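Below is one structure, written out as structure tokens; comments come after it.
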């Protein structure tokens, strides 16, 4: 019998993508979907692409409606999941796609988000290497509270951690510039997210060290062995509905060669089903990952500049959010880590 | 009586944009347009947007067809303009939109392009500050041979030169990641430039220090006062026809504040008609510059990362190519620098 | 001395485009821009592409602020311009970019819009042929109240009127399907207009005879000589910021040949500066008209189907709105009809 | 043990999509992929999105390489599959994604394609209603030669057949205007398919009754009961990689009401897994079908115009090509018709 699932905030893009993935997962059955303004609406009217779930109807986001399921996924605005989560039983598996339980430092929370701090949960980035050589996914085994990473964070962390972990990249003075699709910003009605504004345009946002994903990236890099990492991080909205293309640079340690660096990444991710390092000299495009729980990585070294250039492509809604949730859920429940997750992208 | 103009290679995107700008310039009259495979075709069949030039027909690209004009613009593939230019009279104003006459170092030419080196011409980036405090545009006065800069080069050079010139930015270990539209790659029939490949995707290219624009950027920064600049430079194709959004970072000198840095850029470009620094905390999008000879710059400082973040937006075909050519031409001929050039973008 | 202009509702897309065109018009000077929620804001903060108008600031949309100018342009939501217009002096030239003064039939107004009917003004589609052989532009000479047509209406009317006028096309059972950019829907915060929703998608709207542009199209066709025209009209939003590509069909009268039909269109528009009929067998794309006051028309005949197929491309914000306003204004004031208006598009 | 599959022409977009779908099909194993210029290349280098098939390498397209499989899919240019097919054993299931075996009329073939006529195969549009009340899918049971329909044909046929079959729509004087993504045109290197040309533009093509899909549509409508159907058919390329949004109109028979028409479509497709009729007043967008084998239909009636307006959305590469091939294959082999086929789209 499949696990029963409730999804809170299921009318947004992240919630919709959790639904899409769960609809094809053989061990999960979505029984309850909740929403705020869409409560009472048929799911198919809000997500007309999810034909296989046409039987569901949104109900209000209340603890009562979420209780009684094996699994609860929270796809709520930042700052709102802490209170809801506190109402759920300890043995229910709860996955929070929002930011509320990602940061281990209350000071970071206060500086970048503010409001009540709800502590941190097991963090859902399985492929992250730890300083001690272990794979981060180990912490998810048997977990009942999982914080799903931010989408940009996943791209940058996967791109930097192996090199820093192996001592091939300096851990300070990192840079990352990301071309990102607007679906990462959600279904919010903001002028800059209008099609007329973004079609034919590239828009930077949260420039200059103020983006909320920065402390989360640094937290991950410290897990991987960085001592006092710093990063200049800039996302740029571009006219594609989904996708992240992260251009990451880091100074290389003395004497490191391009071959050595590339080989380290290949070795690090050799056994991973969802993270793939391309052959030397090749770099990924986001189209290759659309709809898939796949992160693709290209690794190069610009000897003149003394910097490695690492390109990471992923789908912000899958490996960046919903796929990470399902992958973490698989581990937490002792299912095969890849169960139900797409590996092939939808291209062109 | 207007100056007579011939444009070689006028069937491509750069040539088309030179035509568009010249059609509205009060002192220029395009008399001859040449092409290779399109010789014999009506201009309006190749550039159906240029209704005001429907009377023109492409002829072969030969010295004979180009002679007898006051101005010749070369919009030819790299490596082909040197030979043609040698056939033109010394008192004709020749502007080369290709790379052949940009680099002052024969070694750079050999490393990044190869083939015969034709020397360097007066370089068409008027707003570049020189180490001695002068404006680069001075070198264009009375010039008869002008090398038009590369589009990415213009964005990065305008973004870095003021800070380096003023000693506020370190001149080594620079980084630039650019979201660029495919028109900069020309009308070439390449698979990665197909609409099916680029729609919904971000594609990096020339990653890892191999891009031909790198030596040209460093040459400009040295003009502005850099001693031994290095830069990690990565362009990413995104699905917008035109535009460059450059995300540039540089380490700041000790003690430099965000206010100080911003004020320096404001002061540097205060008298420029085509380069504008946005108020502190604001950053440009490419849509704001489409069709205009305008570069917009946002200047920030991430104190935690110790890096300035400078965002430059421009239209690769206008300020990045054709507008730069016309602006340089205006200076060279003693016309008002802004004559005939659009300042307002076409948005949304 | 230039004419002084005030623009009401200048913070939207239509208002922004009026500003862009007027900024380059030699006989106009925009002195006042009004807005609702943006009152008090600098124009450059709302329209960062309009660098040449950076000195302007939005004021409230009140009769007081609009009075005292030679020309007032109303770019307000439907249903709101009637009251404002009534407060303006009779000798002021008022152009309404909204729908309030387009329909000559009060019954049509009641059915498609509702609310108070304010009568109809001189209608700003100069190239429309009248049944009596005259050019519609004649009615604009000396006009002081001008209703600017709807953008879809302009495309369909220009595409059908010559054939109907000449008796070559049947005037009933017409069809039009339009691929349109979202800027025509304005800067409204609606979910379906979000970039995430429209990127990679084509969205029909107002299907089944309910679109408000239908009575206006039929009104124009009757002017051109149609007796009882009917049209099936369907717009489809596609992911381009601006542009209309209208695919129009009409049954041909008995014995009409493709050559005859094409020749009629060529002859009809032969003297027009802004409407161009392509050679037989060629059809326009919207890119060819971006930023220009140009409508391009391709004319074909499918003998098997017994229908003419007429393709019209134009820029909804220029020939579809702001350019039509300026063109009408030129006629009304006795200026050259083409003064200040761009003929060349911005492509690619 | 799964059926073994060879795919000829697997390096194109249609072939790639067949691969994507077959990779997730539980009863199929792709053993051989052939190509022309890509022979010798690793599949993952040509289709970097198909990570699960990274073990495959392209071989030459020869009868020898295709023999020895249970199933052969031909995704070859028009005119080239006839000769190859003749070399394959009769008991092999061969599916032709090209046009060579679609048309039952040699005269149609000669007029629209030309070259050798190879006869027609069982036609892979299962949901098409026949005049006798049967479902077209019946002809596929046990078939060993299947012609996969053209993508535009599928959209228009599914949209018109029920109404014509039921006598609610007139079968002559039909119109269809389609917004289509460029992937339907394949990976061909043509100037009009470049990203620079299509971004921000809508381009009509094959206007005026010359499109090769017209005889195939009429053939289908005759199957459904039409006597002498005629259609005006115009496709328009728009800037989305995949998707077809067909706007179809037909005159309604006397006295037909909107409710009656809608009810007929609902009833016709009530048992279909892949074709869905939306509630009255709602119309689909293409994003809802991306990656899915789903066609969505909206049905309206414009009483003033006397025409039904039927909107059909589907993914040209899935329900329009590769999904139709797999669905037909499932029927031919006696597998469940929906096996392995995605129903949910990837949106936004």
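Order as written gives the chain letters A, B, C and D; numbering starts at 1 within each chain.
Keep this in mind: a contact is a pair of C-beta atoms (placed from the backbone, for glycine too) under 8 Å apart; a residue touches a chain by one contact, two chains touch by 3 or more.
Everything numeric here is computed off the predicted structure, so don't read it as measured data.
S.K.: Report the chain pair from A-B, A-C or B-C that duplicates the B-D interface, where duplication means over half of the contact pairs agree by residue number.
M.R.: Answer for B-D: the repeating interface is A-C.
S.K.: When the contacting C-beta pairs are counted for C-D and for A-C, which pair yields the higher total?
M.R.: Higher C-beta contact count between the two pairs: C-D.
S.K.: Just the number, please: Cα centre separation of chain C and chain D in whole Å.
M.R.: 37
S.K.: Using mean CA coordinates as chain centres, what's the gap between chain A and chain C in Å?
M.R.: Computed from C-alpha means, the inter-chain centre distance equals 45 Å.
S.K.: Among the residues of chain A, which are close enough to touch at least two other chains?
M.R.: Those would be 13, 183, 196-197, 199-200, 239-242, 284-285, 287, 290, 347-348.
S.K.: Using the touch definition up top, name the residues of chain D that touch chain B in the complex.
M.R.: Answer in residue numbers: 13, 181-183, 185, 187, 189-191, 193-200, 239-242.
S.K.: Which of the residues in chain A come into contact with chain D in the complex?
M.R.: Its residues touching chain D are 13, 16, 20, 23-24, 47-53, 183, 199-200, 241-242, 276, 278, 284-285, 287-292, 294, 296, 342-348.
S.K.: Which residues of chain C touch chain D once you look at their complex with the stated criterion?
M.R.: Spelled out, the residues of chain C in touch with chain D are 173-175, 177, 179, 196-197, 199-205, 207-209, 214, 230-234, 236, 238-243, 245, 247, 249, 251, 258, 281, 283-287, 290, 298, 300-307, 309, 311, 313, 347-348.
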